[in-house]
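Structures incoming, each one as structure tokens.
Here subunit A shows up in two complexes: once beside subunit B, once beside subunit C.
Coming up: the complex of A and B.
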């Protein structure tokens, strides 16, 4: 790796002030599993001048169940989330997503905040030495449109820029299905509104803003959640498609549903039509299949990725079935 | 002979030993009179303490392999995708190629060398079950297996496979590892029973 300065932040305030004093030229490092890969390959035109280590801030690694719900510190390792008995029982989709993220080693290193702030994996974007200076890096064109786009968006790109890179996180859809909020050094953001696509950006965070905590409301009576991931190899690989669904059942019928796919669009994709469709119905093969069918009507696949539509549809159906009372 | 006095530059209190002055200054004035030079980390590797000056961009792999000469830790991908560089860091099996050494100050590292020096039965069982072909990935597997057994002394075959899911082997030795780890778990359990008798 090329040289950079390294600063251990002792407090959140200190980390924020470091970020401010570097004026956008410093990066936060949590587990480092995403960031260091980017730096080793020098994929970006701007190499960070400094890394701000937030692991030296002592109180950001915890899992707390309260009467109101669940609170998870930003630096909690994915493995600790996957193994937590309370989460497995009551926030099932979250534990399942953590258990299926990356490899055992990366789950021991990778944090929840790092996972939802991770960068895109488009293979043009990630090609070493900034080989493809594409739109997402502030360049002039998207290479995926004419190139090999088998792992790109099936729901279109951004309107103004045209980037088709999918959001790769396994944790993000679980957060959204479980209606979590993201607390930062400045504000509280609904997980639904946390992701944003722009040049060098995957989230709405300001350059000097740090994620501190995740808050999940306690699951309502009769609710169930489920996460399924489809990947080429079961271990390590990023999702081709994943899906988290959370459903509140009442008197044998669906009262409320939150269904979120990822790996299919430039940010996590709420399957709003499928949610609407399943509401008020009793979950069975037929109703789940009908709800999942809405995915097909919404999809606009590119030349190499139509296969993903069927996978998305199947995962929506299976997660709904798994949430049957 | 007069005792050599150490005087606090802030409040002029005197102490007969440097250590006492240091702890006084840390406590009363929140400052360290002789701070460690920047970039020096203390690392306990296989039970041995080291003090090493590191650059921010040095990985833990580089320090353990190139500086300390423990060549059991291997580099395949250098991108976090293969497990060859696994070490046990404060009880967690982590990838040393994706860990900055400068962030490991005060931590404990265990490598395949440390596991072998302790005569851990994993090593013998790895030989017995022919878990290696070229052998390049083997230390990573051994270290990951050791971390698993530390946490879960009685794993099922599936749990072993799960724990080793992030270790890649180009030679395809996968089925053998489960056998070696399960036999080791059994032996350790028997040793434990013997010891209790």
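Coming up: the complex of A and C.
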């Protein structure tokens, strides 16, 4: 690993200031479980000159239930979310997603903000020593198109460039299904508008912008949420497909639904049509399957990943069924 | 002494003739592992941990292309980087176009100017003050390449119009000469006749993708010179052989090479045979000589993904059988990648199938080398298990029944094996039957077995149950040498050169010595890291204990005889005689147990071993229990032993008598393709379990390794560039504890092993056979075959027509 400066920020303002002073050549580090791996393998053409440590900022690690909902500090570790009784009861999909992320050790280090800001896992992008200078690094093409794309997007690539790398977060679909907002050092962003694909970017965050807090609205009466992850391994694995669904039930019928897949597209894939489909219906095998079918009918799998369509369909169906009142 | 040694088998086909009626140490539970605490606490020292004063670090350039040649290379920027102490180029006069001998009688380029797989160490090395500087310097090397076509599939490599995959080594063809086999057709009987006699004939195919096993401790080594003597630190299995290689490489006498064998985080057998685990040691020695400082070479995690197992293969099967379950003919044709092992062998060694024909082709492909990684027996186990799975399903016969019908050897039935047992002193027991009975009971087979695709569970998944069988690896090959010395306080050292291979082997060696010598287990110690200048105890997988337990047994028996002679003999000095501990008694009137020498017919007359061996002269003069003066008369209780039993293991005529049986249950999610392994039952006839916990440890570890790798392990290359895509521990998917199990371990002890006390090795058995355990269980669950491993969800969904 090459040498870099390591700066402990005492306040959010100081962290932002450090970022600004390095002019885009510094990275934020919290748990470090994603960033350090990238640096060790030197997957990017440019190495950060400095890491700004925000773990030294004292007031960003908290879980607070309020009358309006739930607030979680950006540095809250995944394990604390997974084990929090209030979250498990009222924001079930969030706790389930945290519980299925990575491994016990990583959950003790990794933070919620780090999880949603993590970089893509595409094995072309991540090949050591920048072996594949792909689109996401500012290079010329996506190597997965003609390569091995068994874990790539089934819903197409970016409109403008053609990158097919999927977003790997387990927490992201739970945030979107639960209609969370992301507060940053500059603004508040709806979670389903937070993710954006560009060169070296997976979010809409500016280079000098830091996530500070997550806000979740209090669940409406009759709400249920559920998260399912499908991966090769039960621990230490990224999702092949995951899905979070949140449904407000009223009088035995779906009043409102939010369904989000991840691991299947370049960013978390909100299934708006399926949400509309299931609204006003009673949840059963048939309606859940129909909604799932609506989602996967939009799929355009690549040569190696048609199986992901079947898995996505199954996970959507099962999460809907799990939200039955 | 001599008559006791005669009780050991001179004939490598015979059973141990000297097995005690009662065991005090062996077979008991609770013997503390010598290495247990230090490994569990992280205090065990591995090669990578070693730091010597002034040591430099060496990293090797690896090829970015799967088949390419260096046209020009510029290392000037690397050489100019601060902290770089030396750069060795492939065109350096000392190494240019030079190959050196390696283990297994092979040879390898010291530093090739070409590569035949992406990631191949080649081209240049950098030696620097730190590993990071060396890495940075490697990236400053500029190379102009001649890129050549590459092949990732053996059938493509063997196509008539294929270009050469490794032209510098094989300029004629991509069809490789065979390594383990004399010809490419292995035959027994007449398959044509066998098919004519068959009531039914089936055909199917199966394959295994290239997979390997990167070390827990990434491989490394150190060379240090002191004038004309070399000292090596080795993460290696065959550490002693590096003395020979240093002799071959540098012409120095083997007596001037000292080796250190710290704990190592896995060699998995074949890594030890692959040249890239050896050649860097030569280069580090060369650079250490040039630079006058110790040089440590290291592979990083990605570099460590350079090798694969022998079952990288594609096979087509044709099987004939009668309606009563008798298999009459097996024919297979196989394509291997880079190296092969005969896939038809277990039909001969393990069954009465009279007609066998196996044809194989080995292609040079542009992937890393393959070898006996995690056991060379993978291909024959794969073939045996698939054939029995398919025949049982076709006959709608319980697979356990089919196994018992066809158990045998060399085309003959079990009676032939029983004759062998009688002739060579073994008990006549039906090992397979015993294993099957115990396994069926443990898993509840009779209640759970059902026709394929018929049992849907309340959770919506399909239940499947599977069974496989094989022989145990009774190879007992290789040689071992060790000595036993009783110290002046009655404690015992085992003096042996060994490498860190096996679960708890060093502790079990001590247990054998304790048993035979009558010393408490905790009073015996083997420090495996020391170079005691003896040739290596055989470190080969399942032969480790079978051969070496005889060595320990012999040495301990010799030492015991010496101890008793000391206990009954007067020591004659010039000034006076020193009486023995047991005056007037003969050696055969005494025995030793629990570190106490006692009179057999009156055990109340006894003395601790420590009193018998104590320095008699020191205590005599100084009245102290021990005195390290020049006048000491150290008691000469020291014995050395050697044992060799067989050349390569399964030689003609020496039969394998013990069997293993494995059972599992799976739940298949037919909507996602997920296969959950909900139960595994391992039954191993190990002959005699010298250390039951170690046996169970191999059964557990082997299951995670075997079942796990067929769930998910495979190297994945980019088809367009030949670059390995998953050379890391996230994308290369080892199964975790959560993915397999729970696991039952059942030990059967028929005493029919060829090792001391009738033991059989287990080190490779479970990890090899359970690799193929899931195929039959999945078929039982969904009624479809998934015979192309690893059995990933996409393949299951494809079999179900859902992908």
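Just so it is clear, the second predicted complex is superposed on the first by the 325 of 325 C-alpha atoms of A that agree within 3 Å, B and C clash if a C-alpha of one lies under 4 Å from a C-alpha of the other, contacts with A are read in each partner's own complex, and residues count from 1 in each chain.
Assume contacts are C-beta pairs under 8 Å (C-beta built on N, C-alpha and C of every residue); 3 or more make two chains touch, one makes a residue touch a chain.
Everything numeric in this text was worked out from a predicted model, so none of it was measured.
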item	value
Subunit B versus subunit C as contact partner of A:51, first or second or both or neither	first
First (subunit B), second (subunit C), both or neither touched by A:6	first
Dominant toucher of subunit A (residue count), subunit B or subunit C	C
Which of subunit B and subunit C A:36 touches, first, second, both or neither	first
Which of subunit B and subunit C A:104 touches, first, second, both or neither	first
Which superposed partner A:234 touches (first subunit B, second subunit C, both, neither)	both
Those residues of subunit A which subunit B touches in one complex and subunit C touches in the other	1-3, 41, 234-236
Touching residues on subunit A, where the partner in the complex is subunit C	1-3, 41-42, 121, 123-124, 126-129, 131-132, 143, 146-148, 150, 230, 232-238, 240, 304-307, 309-311, 313-315
Subunit A to subunit B touching residues, read off their complex	1-6, 8, 29, 32-33, 36-37, 40-41, 51, 53, 55, 77, 79, 102-106, 108-109, 234-236
Subunit A partner contacts - residues on subunit B that touch it in the complex	55-57, 59, 78-81, 83, 86, 92-95, 98-100, 102-103, 144, 162-166
Subunit C residues touching subunit A - in the complex, by the definition given at the top	64, 132, 136, 139, 302, 669, 671-674, 711-712, 716-721, 723, 725-728, 730-731, 733, 735-736, 738-739, 792-794, 797-798, 802-803
